[in-house]
């Protein structure tokens, strides 16, 4: 369904070629200064058409708030917003009306609902994530008051991976390039590789890493709403996300318990861990360390190479997908990962307040 | 919190050294034959003390149903059950009362709740998962009527990984060894490695793979309750789970779109895909193919090697954890992965019925 | 919070003097013909300015759908809509900025949220119910396909009550007068009484009765989501609603068990009850009879008579509320009662499908 | 379904003639002293066999806690409990196996679930409410720390109603008689009337009134989880409950706005209302005054008088219900009303903490 969260909730709506996308944020604490300029700037980070490696589609993606804000502050009531669809080329999709694109949601939507908006993927379009960025920006504004900050970056594109450890990364460099990789030499290689694939009409996936700092102990609700469980749901709900791990993750599968365990230490009466192989979470609850996790994204399914497929009458067909597509979504996915992180963390933060 | 699901729900309770663990299953369709022998056999698969590589703790783990079953069938009312705690050696944990074990939930529970049952990990003990196996067994009984079957197996222990592809695996071999790896030569290596680590007082993690067959198109509720999102939450809610991926997963990160996409084909009017790199899910909805995913487990945090830690008064201490622990939980985790899969799939199956 | 329902859900937003009100409907079965003309006609029934006994405020209340509808049918995706606020006289409320109106939500909103949109009651305005009427109209369209129809009417205004029994009522007469009372002589008395009170600057409440027909056995989810429990929540969530009863209700408090019980009878193998004192519900589940219940509404709190109150600085003040208010909301509340009934019934209907 | 609440939740299980009834309380704040003696005393207030006007069934109703309590305090983890069924005369119900009792849930359960535990009403038995009393007692223990107290009493039995206003009632007299009516002369009349009906084999209903004091402003979550909406759901979920109103209620239907409105006044800077016709709630949020509401109960459906009914083969039959039944449940329903009030208020109280 289209609502996420229990206390701070976000309900999303919209198809890519309908009138608008948007959503309703409920449970936002009242009195928060809603900085619309900041929210728009977050939305701009996700916007298509930013560089040579993203789709040439121009979308304005202007957010318009309809409710829940009074004299610049959150009123404690639902915050509804819309982003109007203004640059839709629906005719680009006429040739797809009767065909199921491979590894798209065309077929499953048709099977599930018996009806499907074929224009631009309809509801299954990644355009839907723009609404999440708005909700996430508001969650970030609330979390910032508690000293929490969240940064996501591209750590791998295809076979090209960052070599820096998370501890050594200069987060301020994330916005310095189109792929949002803070290690500039690797970023260059990534971009070059993506441009090559674009020329071939192909696409590539990769990994977004995310680090959240400033989180106190106590966020996360065992046993089913553990912090990592809720993050995993949030991340895997993003279009094209195919995997999630936290702390050492799959890369640490060979470590023994004696190597993986994070020893505690006490310094001037303050408890912390010597290492952070657990990614800031123990038993489903934040332990005061940095939260660290990764999200795997598959390559964009829209490629211009010829593909074998079927049409709605179950005929085998050859398909060439036209339209304006990203060869790699990683750079634009980073703000979405941040947004879903913020939405999840804020919900668990508010939940933790019910215990005190 | 301790309830999972929206229509078919499971609420879990219990600490490892309290009177009992158990739970309440709500929303189970009525009229299902509740085969208690089968449920107990599932529980036995998770039970400790089964082999040389698991803890020598003997726990009877007999399930006792209290409600919701009438003349051998589900009545449509809540099914409550208990598993009594009978073999608890609570005194084994006296030396841990004032110490936080590294990479356990001791510290975070104390910080979150201000109170903590230190005996056997209390609520954070993996013993809690026994209740999930009971709920999962009931979900499996319901799903079986629709032709769904679910098999989880150990595909990797530390650096030792299966070499067979998922398509080539003989699922009937899963139960043939203690680590539940269907490739017998690899299983032997895994077991030998675990015995070595046990002798050293160390532990190891690995990967459980899971395949679910017989699922029709249409299960999964975009955009936030996508099938993979709900599976990810369910899996990451299991103790020690650190990662999740589906289809090609992290191992396929280098694949281009043209390699990753699953081409459609039509055979005698029936649509399927030539490959299944997507693990049976497109756009958050089952596509009729086999569901395939992996779950990463970190090494058991309880090791008998000496570790540095702190006590509740913030003093630095050296710690030797006594007690009866598994050097590797993978074999016993497989039934838990199956159970959480069944619980998740059934909930989404029932949800899909509301559309017809 | 601002979402109601579990499977068919409605999330409401909007303040009376903000940009718009509206909402998101999720879980609507796909393929339903969304008859926008019908939906607008339902909205028109609730619209102010319809007659001498309602507020002279003119509000266009045009619904604009933003998503979830494709080629005239529900797509199974969220249906978002807005109703723009176009006739707001926000300056009318300037004199209320610093004063708490008696028996309004001004004081409690200020206390709860620490911030409050004073213009037209903000979020607590009955204008919010327009969105419910839209969601209810869509629920009615779905229910109509199953043969369910819902009619609410004014059965009492102040001391003036209908004398007809529910069985004798001609439901087709409901729309024949401004107060929506199907007994025309009583309706006339009600209207005359309301006009008198309007002249005095006073207001009056009363009772809406509602009957839903065509409901099969089996809707309602004991023990906490019993049909009557969910109806009660839905009704008491309407502005100014102060009471709910079903079947014989408070009026039957003197009946003995032998008088109250609905004897069963079998006619040609079909089971029904001789009487329907239970209002079509037994044990929280529909029994195949007509659902019948009543909703009490208090008098409109906005009166133009002088009242004693306090301001935000805790000074005692005298208050004269200006603005354009209804002396009696009953006629306009009937469509809202119908809408909330439809939303509730559809959610429980869809839930009942998960058992089959 | 069988879970109520969002943050403080209670999940109920059990049939009257199964092994046990009970439940799981989740979200209870940690560190609360769980006074088991007090909880048992609350349960004793609901227990059958207390007096000449209740059923002669003896049920021990001893609560046994299974989890969530450590060293006498709530641990922040789920609190599970059972009440074993020990005095069940299941054979008393053999003659009802094939017959639907009028105004019972036999028929609707059979229709909904296709299966039904006929013994003692199974899941639809009022015995299920014993579990609610346990959960309510724990909620009361939490609320007591915030100065909240809750008292329910019988204000009407059939045509016999209290004449005292709520303001004049001596709440300490509630427990002084079997019907739990604090006006002793009226209580005597009620009891005499019930004894007469018992002799006739008949039954009677009535009204429970409830007052909750010490509640600060700010509890209640508009627009759908308004305080009165959540109370209404909770109350109508109780067996045999047929109505709910708050403040002046149905009795005040003739009041004009000028009579109904609660004028504000400020005394030494403290704001309160001169009257409390609104029952302590404005706009769905507590206003600092006493919460006051009423719950209507229909007469017990089990009467020993001969009744017309049908059997499961759709034959018309004459029925005489044997067994041990209450002629009037009001006295025993009062603790259940208190319990559901406490469960509801605590959930909303905890929710209100997320704003601060």
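Going in written order, the chains are labelled A, B, C and D, and every chain counts its residues from 1.
Assume a contact is a pair of C-beta atoms (placed from the backbone, for glycine too) under 8 Å apart; a residue touches a chain by one contact, two chains touch by 3 or more.
Because the structure is predicted, anything quoted here is derived from the model rather than measured.
Enquirer: Look at interface A-B and say which pair in B-C, C-D or B-D is its repeat, using the rule that over half of the contact pairs are identical by residue number.
Expert: C-D
Enquirer: What's the farthest chain from chain C if centres are computed as the mean of the Cα atoms?
Expert: In terms of C-alpha centroids, the chain at the greatest distance from chain C is B.
Enquirer: Averaged over CA atoms, how far is the centre of chain C from the centre of chain D? Could you give it in whole Å?
Expert: Here the centre of chain D sits 26 Å away from the centre of chain C.
Enquirer: Taking the mean of the C-alpha atoms as each chain's centre, how many Å separate chain A from chain D?
Expert: Here chain A and chain D have centroids separated by 46 Å.
Enquirer: How far is the middle of chain A from the middle of chain C, if each middle is the mean of its Cα atoms, in Å?
Expert: Comparing mean C-alpha positions, chain C is 39 Å from chain A.
Enquirer: Send over the residues of chain B in touch with two or more other chains.
Expert: 1-3, 12, 27, 30, 76-77, 109, 112-113, 123, 222, 355
Enquirer: Once bound in the complex, which stretches of chain C touch chain A?
Expert: These residues of chain C touch chain A: 1-3, 9, 11-15, 18-24, 26-27, 30-31, 64-68, 70-71, 73-80, 82, 109, 112-117, 122-123.
Enquirer: Which residues of chain A touch chain B in the complex?
Expert: Per the touch definition, chain A meets chain B at residues 1-4, 12, 100, 102-105, 107-109, 111-113, 123-124, 128, 156, 158-159, 197, 202-207, 217-218, 220-226, 228-237, 241-250, 252-258, 260-266, 269-271, 273-274, 277-278, 282-288, 296, 298-303, 305, 307-310, 314-316, 352, 355.
Enquirer: Under the stated contact criterion, what part of chain B meets chain C in this complex?
Expert: It is residues 6-7, 27, 29-30, 76-77, 222, 350-351, 353-356 of chain B that touch chain C.
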